[in-house]
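Chain nomenclature is as follows: A, B, C, D and E, assigned in order of appearance, with residue numbering initiated at 1 for each chain independently.
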Amino acid sequence: MHHAMPRGGRRRLLALLATVAATAVVLTGCASGGSGAAVKQELVIGSQMASLPSLDTGAITSAGYEGQRLIGNLVYEGLTKRDVSDPTKPAGVGAALAKSWDISSDGLSYTFHLQKNVTFTDGTKFDASAVIYNIHRYMDKNDPHYDPKLITYYAVLAYVQDVKKVDDSTVTFTLNKPFAFFLADLYNVYFASPTSLDKFGSAGQAKKPVGTGPFIFDSETPNQSISFVKNQKYWGVVPKLDRITVDLIPDPAARTAALRSGRVDWIEAAQPDDFTSLKAAGFATTGNSFDWEWSWQLMTQEKPFNDIRVRQAMNFAIDRDAIAKDLLHGTATPAYQMMAPASLYYDKANNIYNYDPAKAKQLLADAGYSGGIDITVGYITSGSGSMQAKAMDEALQAQLAKVNIRVTLAPVDFSGMYAKLGAGNTGWQAANQAFSLEQPSSWGWTLQCGSSLFGYCNKGFDDLRSQALVTTDDAARAKLLTEAGSLQTKDAGWMYVVNDTAPRAMSASVKGYVQPKSWWIDFNNVSMG
Amino acid sequence: MRHNRLVRFIGSRLLLTVITAFFVSMIVFFAVRAVPGDPALNVLGLQSTAADREALRRVMGLDQPLIVQFFNWLGHAITGDFGYSYSQGRPVASVIGPALGNTLLLGLAASILAVIIGLAMGNAATSRWRGLRRTTDWIEAVFLSAPQYTVALILLICFAVLLPLFPAGGVSTRGNGSVTDIGSHLLLPAVALALAPGAQMARSLKTSISTLQATELLPSLRARGLSPLRITVHAHHNALPPMVTVLGIQVGTMLGGALFVENIFSIPGLGALVVQSVALRDYTLIQAVSLLIAVIFIVVLLLADLLNALLDPRIRVGQL
Amino acid sequence: MNTVLAAEDVVKSFGAFTALHGVSFSLERGKTLGVVGESGSGKSTLGRIVMRLLSPDSGRVWLGGEDLLALGRSQLRAARRRIQLVPQDPRNALNPTMTVRQNLYFQLRAQNVPRKTWASTVERLLDQVSLPPDYLHAFPHELSGGQAQRVAISRAIANNPDVLVCDEAVSALDKSVQAQVLNTFADLQASTGVAMFFISHDLAVVEHISDDVLVLNRGRTVESGATRDVLADPQDAYTRDLLTARHLAAPS
Amino acid sequence: MTDTAHRSRKTEVPDGARAGQLPPEVPLVLDATDVSVSFRGTGGRWSTVVDRVGLGFERAQVTVLLGESGSGKTVFARSITGMAPFGARVDGTAIFDDRDLLKISRRSLRTIQGDRIGMVPQDPNSSLDPMRRIGGQIIETLEQHHRVEGRDAAHARMIELLTLVHIHEPERVARCYPHEVSGGMRQRVAIAIAICCEPELIVADEPSSALDASVGVRVVQLLGDLRDRLSTAILFITHDIGIAALIANQPGDRVAVMLSGRIVELGFASQVLHNAHHPYTRALIAAEPSVSVARGHLAVVPDEVRSQRHWSDLIPVEPGHGVARPLDNAEAGVA
Amino acid sequence: MTGLASANQGAAVAIDRAPKVRFRSRPVLSRMPLRSQVALGVLLVLVIVVILAPVLPLDNPLTGDLGSRLLPIGSVDHLLGTDSQGRDMISRLVYATRTSLIAGLVPIIIATIIGLIIGTVAGLSGGLVNTILMRAIDILFAFPGVLLSLLLAITLGVGLGTLILALTLVWIAPVARIAETEVARIRDLDYITAARSSGSSFPGILARQVTPVTLPAVLAYSTSLVGANVAIAGGLGFIGLGVPSPQPELGSVLQEMQTALYSDPLLSLEPVIVILALSMMFPLIGDGIRQAINGRGGDS
């Protein structure tokens, strides 16, 4: 008996080693699996997203606009879209799944003429029924696939009273009140395949989205990457790229590394400090001004920012030029007011805050804070559009310290920021986020009395905005909003810092990309060469 | 009789492992639960009403006493259900899977390297040449105390930035999953992880061999006229059980080091996932990954003990 | 009544292994009881029990008429001052971080000796074991085995105990040093009348130093009585076996 | 200057000391001459542990090296068999089969160690490899020295050896690991390994001191038997006079007394143990506790003997028996 | 018995012969190996620099000039360059070292005191007390140290005080275990048995007999731990769980300088080297203490 033991022991040891070796092989196989034959027209993007959102239509927005830009717009489409075909102009409203529309004179009825011959990528036909199916899913609490999360991203649907099918390729939306941005805001109300929803439900959509977009979802590795392949049967211009992969690389230095090592072809929010060395190494860098404000939102209901003089002091205390020029190497422009120069509502006359620390000190003293103030500021470490948040906030921290504004920085992530703001007791006096103001309908959570997460409230501002929301004339509407911007700027509701130019860097083999004056990108002309 | 002894040993060791794992999961759960925050809000988002959140909290069992919540969580975790990661928008289990594979791959590479380093340095440290011994002592001192992330950064800067011999990150090149490609990606991070464990194993080997020298075993073997090769085999056979134990313990060091090293080399493994979920403040994910890492470590320690029981006849059938 | 240490029917087990199966003895003032046995016989366990470093499973131990096992914590501390240990290994007999003087001072403190007499006491103690006072400043590792053992003896007799428990106190020493230490024991006993509980595996040593002898085999008493009687006419096979070995190895 | 007295039979002290023991032409198995061993201590100073010692060994003869700890007996025995401790400096010669073991290569040394010189270490608990079965360890040594061809032969020889050292169930014991058998049994196994190649010389370093007295005595008796059966020379190291008397039980056996690295008395066992001339030897014998010595009156080695630094070479006192006398510094310097 | 041991005993015998006996121990420092002495020297210099930092002619570590960002090593006003906020690297590193030394030393000091008490009490009492304490400590050992410190750090929140608290909790277990091992090693040695049978009280034995023997080894170990602790503190800073900005701390400086990884790799190497040096210095000193103790022959 006893000498059987060690033999067995040795055999077991060998078996163990063999298992380990086999595991290694399997793992290696896994890592290499799926790539198969070399895909030539493949673009790999290093994004600053830290995590992948749920892939269900509206929920993609939980990863911010970057989620829509790099995931949502590839797979899904709305009735309208942001038209970014002209790189010299801000994005306008363009036709998408609706090829045209009629608006009733009272502005309450929109009739959309749908594209014909559009199918979802699972073969289901896109028609009026599909539109109604989806809108019901978003709005009707009794719909089997209703998901309360989605409607929170589709504020525009709050204006919709009813949707009616006219014929197979025509639907009519009836609004409960006039809304000037209805067409503009429909751009991200995505349509998912009813067949797929019926079969797999919302959960299925979240895992395997089925839309009408130019690309088809292929696979994802949670926490790492997501891939799309070309939709060969796309109803519009079939893209040149066979495949787009988006890698999640939240760390800016790691993005640069990935680009340099050839792991990715394209990086979002390239680190400005790396531009020189990247250019020298033959990489292309792009950037274009667009409507993107990077600011600190001040908690205006609480001390010390309930005093306008303190808010103004903040705006006089910072050296925006140094940040834009020295820190960001011109990949951003200084922001002296609420509206970005690329915005439709920009007026140069509103640039009222220059760098004047003495004045800032004076204002603080006037407000009774001659000893300075201590504040805590939450900021987003990485994610959609946050630029080089840490470095910028630390620079601001140092600048503000010179006028005795002592800042404690509290880093959070993208979704953590909103979770905290939602909970209400952040313990912060200000938050640092960046967003686009091109969608005035969604300014509510930032700027509207009562609903602003930062407590901002200016009745005059709200009046101008609500008027604008129902003003259909473009020029008149722009005038109202410009005025609103001027009010908010005088109020010093935020501390305005810079406007982004969305710096990107890409390898020389990426062809056909022209950066629009927008947050949005059209991948249709992009190819690898 | 002898079998019984081994079975008893394995049984008691398994029991101990289960108990340890239980307390470990307790620490993980309560440490993370002590962080303020409302999971319901994380799930429902900003626009949700207080009533909705309250309802969800009931559904999620958050209204129950903490200890009940703990056992619920543990019960689910045992069945592989680690809850829902709001930052990733999917069940935690589906996030962990691929990360686990990468970490195991890296860990395996680092362990193999550590064994090689340990054997080489251990033998150098007991060599007959004083110069070699002293040099090895110095190298060992450096390896033992150099934090893994500093090694990782130095390697990265030297061999991926200044002298781009190796890729700066990732697990494999796009469209290339060959062993050499994965190897070239994993080499630098694996070296960064393997130095300290390797030096620890070398130290263990050195101690074993000098202990054998001090007792009468090695002199006796020499007195039997055995060839150096046979003596080396004897010595290493005797040194193996403690080395296995050291390797088991060092896996903990590697798992800890992986937190930073995976980050530095952009390897999407468990370590990077922990750091990321800390940055995202995704507590469900932190709980799950921390528990997983701790459990991996406990299991490795168990395996090391069991392996020792097979390797060492004194444990296998003996008085211990 | 001159009995200073006695035990009755002491039983002690460690798990499944029974180290002592009911051992009894008594030791009188000024006498030496030799406890003999080979490894595993239970003699060291018995030594630890009479000092109450271990508690027996059953049985009784008297120290000078007091039931040692019934004592409370503070009484036990007082009782322990009357029974002292001379340990086996001279290398570990003394605390290595303290000088000889500090080692002895610790003992004096434990024995509640008035502090002002310490300095003179330690010199006297060293003199009793034939060591010059220079050695007070030595660290234990600077002493030879015999010297360390003699310091350990001086520590044990610091406050005139009733009993010395010598657990293999000479077996780690070279023969010539062993002789010195054995002489020291004999002289001490002659001058102070201390009783000795002398544990050894070496029959020759026990023969030489003991008045009475207790032979243990696997935890049982196989022989006891006056040394001369027992060793001249062993009743038990085990004792005879030990004696044979001893006589074989004795220089004839 | 040299301890010529021990060098070879030609110069052995008294003529006729060997009479009746061995034919005169029988050569010495191992002839150690003028062996010194020193170690580098702290501060780089060399301290001499064995000082110009010579001893020769004949077949079937036991030589007991008697001394207390620190006398250098183990170091001497190891050094002359090419097993000097790490870091030791060894001078002198140790001629074995016309080769000097202190000079030849390690490779040649290996063909002698274990094969023609066997070693029985002090502590059987640590001298056997705990990870290997007993039988395997014996066979390994047999194979190393090419003493057997094939597994069956090796196994048979191994069983034969175990039987030779009085192990009753050789097949079972061969399959055991060392920790599964008793200490006495382990020491028998160590002896079996030492004699497996039928060596000309066995060095036994206190083989009984780690064992209980009765077990130890039997192990020593076993060694004595083997000397008779195999006609092997035995160098037996001990500190115990009783054990010395037990092993050196034949007329030709010798006892050498070592003190501080020097041999101070050498002679046939009966001469040294019963008619010791050297004060140190005498003190050692008188220090042996016994009923017959009054308590408190055991002999103690006189300080002047211990602190004596220089001893002369051996001076014959009777046939085959030599004693060293103390030298003062001047004499030592002159000598 | 090896030859060397015999030789040593020979030396002990030599005392017997010496006519006049003198006993004297060499000071601990001189028994340390050279490299430990060097490390100790460097540490002393560092400590002095760090204490004197406020009076040294250093730039403000908190504010910089955005116009002179990421200046290379060897720049005129900034010998070691500047960071991405244009702050002087020398000043940053000096003050960061100060924070890191505090975060490295304080937890170990506290943990050593607590761990020593737990370990020696557990070791000397044995039995149930020992079992409970040591099993509890075993459970803490089931965590990789970095992970445990990370969990504690997120539980307790960001800041120097909480960081110190978290790290203290991490290191109690290892110190306690070493202390327990040390006590277990000597627990059954004759002099402890003699002390127990001397009639001395438990605290008396603990304080006067056990602790002096245990302390040097525990101190040597704790000293080595400071290196590991500096490394972990730096790692936590690296992932943003350390001391909040702008307070310089080596880990956060390291993270900060990642910006320059490609534009100026050598600049980003600076904090790496400081952390490396700090974490290596303490084990060297600890080793030195250990060797010095062993050299005294007190226990080995």
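Going forward, contacts are C-beta pairs under 8 Å (C-beta built on N, C-alpha and C of every residue); 3 or more make two chains touch, one makes a residue touch a chain.
It should be emphasised that the depicted structure is a prediction, and the values quoted were computed from it without experimental measurement.
Annotation: omitting chain E yields no split, and the remaining chains form one piece by touching. The minimum number of touch steps separating chain C from chain D is 1.
Relative to chain A, the chain whose mean Cα position lies farthest away is D. With centres taken as mean C-alpha coordinates, the chain found closest to the middle of all protein C-alpha atoms is B.
Which two chains touch most often is answered by the contact tally, and the pair is A-B. Remark: chain A and chain C have CA centroids separated by 85 Å (rounded to whole angstrom).
One simple way to say how far apart two chains are is to compare their mean CA positions; for chain A and chain D this gives 88 Å. If you average the Cα atoms of chain B and of chain D, the two centres end up 52 Å apart. Mean C-alpha positions place chain A and chain E at a centre distance of 46 Å. Counting only residues that touch two or more partner chains, chain C has none.
Residues of chain A found to touch two or more other chains are 2, 251, 257, 260, 381, 411. Residue positions of chain D touching 2 or more other chains: 69, 78, 86, 122. Against chain A, the residues of chain B that register as touching in their complex are 2-3, 6, 37-38, 41-42, 44-48, 52, 86-90, 94-95, 97-99, 101-102, 104-105, 108, 160, 164, 167-179, 182, 263, 266, 268, 273, 276, 279-282, 307, 310-311, 313, 316-317.
By the touch rule above, chain E contacts chain C in their complex via residues 9, 12-13, 15-16, 20-23, 25, 189-191, 193-201, 204, 208-209, 212-213, 216, 296-299. Interface residues of chain D, counted against chain C in their complex, comprise 68-69, 212-217, 220-221, 239-246, 273-274, 283-291, 293, 295-301. The touching residues of chain B, counted against chain D in their complex, run 213, 215-217, 219-227, 230, 234, 237-238, 311-314, 317-319.
Residues 251-253, 256-257, 260, 271, 273-274, 276-278, 319, 322-323, 326-327, 381, 390-391, 394-395, 397-398, 401-402, 408-411 of chain A are the ones that touch chain E when the two sit in their complex.
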